[in-house]
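Have a look at the structure that comes next, please.
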Amino acid sequence: MPTIRVAIAGATGYAGEELIRLLLHHPHVQLSYLAASAKWERPVPAADVFPRVAGRLSLPIEALDPARLAQSDLVFLALPHGSAMNLAPKLLEAGRRVVDLSGDFRLKDPSLYTTWYEAPHAAPSWLSSADVAYGLSEFYGPQVAKARLVANPGCYATSILLGCLPALEAGLINEGTIIVDAKSGLTGAGRKADDALLFSEMSENLRAYKVNAHQHAPEILQEIQRLTGRRARMFFVPQVVPARRGMVSMIYASTSATTEQVAAVYRQRYSPERTPCVRVRASGFPQMKDVVGTNLCDIGLLVDPALRQLLIVSALDNLTKGAAGQAIQNMNLMYGWPETTGLTG
Amino acid sequence: MPTIRVAIAGATGYAGEELIRLLLHHPHVQLSYLAASAKWERPVPAADVFPRVAGRLSLPIEALDPARLAQSDLVFLALPHGSAMNLAPKLLEAGRRVVDLSGDFRLKDPSLYTTWYEAPHAAPSWLSSADVAYGLSEFYGPQVAKARLVANPGCYATSILLGCLPALEAGLINEGTIIVDAKSGLTGAGRKADDALLFSEMSENLRAYKVNAHQHAPEILQEIQRLTGRRARMFFVPQVVPARRGMVSMIYASTSATTEQVAAVYRQRYSPERTPCVRVRASGFPQMKDVVGTNLCDIGLLVDPALRQLLIVSALDNLTKGAAGQAIQNMNLMYGWPETTGLTG
Amino acid sequence: MPTIRVAIAGATGYAGEELIRLLLHHPHVQLSYLAASAKWERPVPAADVFPRVAGRLSLPIEALDPARLAQSDLVFLALPHGSAMNLAPKLLEAGRRVVDLSGDFRLKDPSLYTTWYEAPHAAPSWLSSADVAYGLSEFYGPQVAKARLVANPGCYATSILLGCLPALEAGLINEGTIIVDAKSGLTGAGRKADDALLFSEMSENLRAYKVNAHQHAPEILQEIQRLTGRRARMFFVPQVVPARRGMVSMIYASTSATTEQVAAVYRQRYSPERTPCVRVRASGFPQMKDVVGTNLCDIGLLVDPALRQLLIVSALDNLTKGAAGQAIQNMNLMYGWPETTGLTG
Amino acid sequence: MPTIRVAIAGATGYAGEELIRLLLHHPHVQLSYLAASAKWERPVPAADVFPRVAGRLSLPIEALDPARLAQSDLVFLALPHGSAMNLAPKLLEAGRRVVDLSGDFRLKDPSLYTTWYEAPHAAPSWLSSADVAYGLSEFYGPQVAKARLVANPGCYATSILLGCLPALEAGLINEGTIIVDAKSGLTGAGRKADDALLFSEMSENLRAYKVNAHQHAPEILQEIQRLTGRRARMFFVPQVVPARRGMVSMIYASTSATTEQVAAVYRQRYSPERTPCVRVRASGFPQMKDVVGTNLCDIGLLVDPALRQLLIVSALDNLTKGAAGQAIQNMNLMYGWPETTGLTG
């Protein structure tokens, strides 16, 4: 079976580690180059960094060398914000395909990038290029299939957009007052040495952070507008809970529909045939553990008829469907492979 | 210093254990009788049940005997719903004082009790007695001081009522569409052998449960109406998170006020002198760990001016301010002792 | 590709759930019947019990019916102790193959069974049958390949035997004073409603239990004697730690060898070709997370030359290599498939 | 009631935070100065750093200024290793008393300090001064009472020494082959931004580290020799488990005594009157949760007569009895106050 050569830049982060975990079992992929950052001192066997892969992966993890990245067919960029916008253009010019897991290519408006990421964009012309697709696989499948660079959505963006888009498309909820109370595991913050992420700080704790100030908010509002034509407003309250992986977003919006009407719309939009990675529950709500380790997004729905409010519960694994898994789903779409290839383990 | 004799019924549950922990250091209390349930087989040293108290408490834990309860000055009833309504009347007739931590005396309307607790009330005449007070200490202090029986509020009720009452009293929010997204530690469910509460089910998990069906909802709405005259509506989404103790409620409601206006109202209502067990944060939001193990309720406030929505974050320890601590605070009020006696450790 | 029909008895327990997780991806297996216990009331879609498998598994979970079990080619018995010894003989007589995950067929001496499991054995003649093999895959491969019933080892037994057998075989340690300080995740205790297993009891806790009284001890000593001819003595201190899955056993024994000598023996005994599910670390010690979710047992070794003591650290996932994974490994051996078929995901 | 002025250097670390928690309730202490490190930029209200103390502590946390430290009667030094040896001499010359929670004054032999802490000692003459006591309160009470500087023992040292000293004093165990399998919560590693301490690394994990290479080993062996005259050997296997606070050490040693003989010795050595902070269990073993948040060390004992091995389980809270609590216990001894003053909350 033909395979492609795949490189990972940022292989030592949580998303990089999850890419490795998943790609080891992808039938069409040969891992060719695992790069950490440019500062990485010398090649280290991957098994020394991640003992889990001992005996299964013989590649070293090496310093990031753009020229070596360009020797692969496809590159996953799993780097902190600000790196991909410098690396990706060169890879594209060299004819490579790129899936970028950072925020660098998600926003169409460069000034919005500057506002939220506090730096000018280094490659603004690419932001509106037809070669670049926003990789929300369930909504941009055709664009992703044709894209040379896929901007993989943020974890909150994936969870919230998959949660509310069908209702917005169908005009079932008021886009003016969306409240999102979202709970994330700690890997969402990355493998970074930060006091606030220590076990001793977060065990038996829960913390709201970046309330109405999270950098995933603008991409969520941008995509709602692009996909539904509506200018939504959102009260966005991200929280971390004492879990490593998993994200459960509660989305509240006013509606005049019934639970059954809403559910019918979701079941149609997310049929198993059309969107194999999204499951709509017949009743009840997904728990975090229902999806951890999978590339699935589970959705539960309930209308409170007295308040005329809809609750959408959207659950996924921030590292899989919210990052590495969706990145692979997008790669599958780019190469014309079945969407879930390598993602059902 | 004069002390009172205090009995605990339900000493082996989480609230009972917390009562023991706190009362061991209360200067005016002598623990006189620790009762489990009527089925408890034989007296067992408390230190055998709770090794933490070895060397500090020599009382046994014994079978529940109503006659022996009546030999104490005050009885804390920390039993499952349905027991207190049978025990309390006899204790009151014997001239004893009672703080009941169950739901048996919280609802004024017996038919509401039947609806939510699925059993007729055994002592309906007491529900509206002037001798019975709803023990939300910060709002019913004078009534508690005169009461012979205090119905200690549920943990969610304490968290949510303390969170939203000042805004409702001041007419700052629309009582018609209150959304409560509340996260609780697992001890809130009690020390009961239930698969869903196992470590192996809840580690790295988050689960919504009893959505719009939690038995604390009617007491919340009843008290909003009694205290503010408003008939509120609430979308109530209780959740359990992987923590033992602690509860963080996010309360959303529409408002036309600013953060500063709301905060001014809360700071006035909850001044340290008037309500030493409630703290209003000058900025930011409380984390769960800020209050665990204390009898404090911490409150953070933010208005999203574009959406005209107020977020109230209310954090407390479900076992302390949400149960045993508030029960002791109420006992202090009943005896005229300073409200925080024995609660500042 | 030819497949076999496989039934699981005890499908609702943790080992049963793990069998389902793994067998869904086994290329030669078709799940044919998922049985809970005999008391199970009515068929329930597996996705209602385990929402993770929604969309991936359409079988119901049903009441246990021995006659239906006998319609499959192979039956995994993942039931509490005492059930398999009644069920297995009938299945064997019907020509079926059985992998039993309970303790019922592990001990060769029926009186030992009575001592440790507090009941007479119902099928003692099978205990010494050549058709029954002790399923420690790495040591009884040929016997398993010929067996009709495989007694799958206990999780502690797997961890400890894999850890110490090579040293005992090579005469490198004194079998008279083996100390085992073993730490297990909570799923090892099964999905049973037991206060001591609650999240609220075990978060931030660690507890020793059944010290020198754990029912896996006799099978460990039996197998050491069968495999090495040595009558070992073991101080066995099992502990639970706040984790769902995973087991790390520290095994201490006196030795006159060096770390290098011991490691050479282990690397030879556990070469990747010969035992693909055991990995010997070149240096350092395995962490619990290195193996969770895998069918691997990782081993680290260190001799303290001053004390002449060897430390063997043996880490595995109690549900995978310690239960369901090894059970599948044994099934693979029974059918002549590569040992790791379906186990590398 | 007369009080002393107390300063804390290192107030932002976990031990410093625990000192604050405990000293707020100490009847003879007035907190006078809370210092972080010298690099701390500007005074910050303690409640901004630790929201738990809001409303209870009005002191700021400030940059470390040695001259200001010297204005207090007693200084707790809760700084990383290497700081106290420079600060303490000046404080002592100024007539102040010091309790040092670091390793700087624990080892009598300066060359041993250099070996283990990889730096020469800056004040070697103090190491053997009669004014300096090793603050294992239960064994050096008279020396602590007379000391001007107390070197507070390490958490592992406290746990292990309290665990094994009575048996060694009584000649009940062989000091030549002591095995210590010790499990610690993560706060033991300090509040430092280190990848390996992240929630995402340690939830559901267990890791051995610094095996036979932990810096608490030399103080343990030194004190065994000083207190019993025996040159012990110890295989020391420290481990971190997914908990914030708490330490459970399993100590194994060969013995010819019975459980009852050993227990009698421990009950005599650790009678409640003589050592109120150590509890010997009548049977069974302490769990981690039995002591978390207390200044108690709980001990369980069992001899395996067939192996002639003694197991000592020693449990304490690494931040309390293993650090801040014992430091306060030592302060109490230095001032002639009852040993448990302020420590029974």
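Residue numbering begins at 1 within each chain, and the chains themselves are lettered A, B, C and D in the order written.
Keep in mind that, in the parts below, a contact is a pair of C-beta atoms (placed from the backbone, for glycine too) under 8 Å apart; a residue touches a chain by one contact, two chains touch by 3 or more.
Predicted, not measured: the structure shown is a model, and the values here were computed from it.
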Intersection of contact partners for chain A and chain C: B, D
Between C-D and B-C, the pair with more C-beta contacts: C-D
Approximate Å spacing (C-alpha centroids) for the pair chain C, chain D: 40
Chain centre separation (chain B, chain D; CA means) in Å: 37
Whole-Å gap between the CA centroids of chain B and chain C: 45
Residue numbers of chain A (touch at least two other chains): 185, 201, 203-204, 242-244, 287, 289
Of chain B, residues touching chain C in the complex: 14, 185-187, 191-195, 197-204, 242-244
Chain D - residues contacting chain C, complex: 176-177, 179, 181, 183, 185, 201, 204-208, 211-212, 233-235, 237, 241-246, 248, 250, 252, 254, 285, 287-289, 292, 300, 302, 304, 306-307, 309, 311, 313
For the chain C and chain A complex, residues of the former touching the latter: 25, 51-52, 54-56, 203-204, 272, 276, 279, 281, 286-287, 289-291, 293-294, 298, 344-345
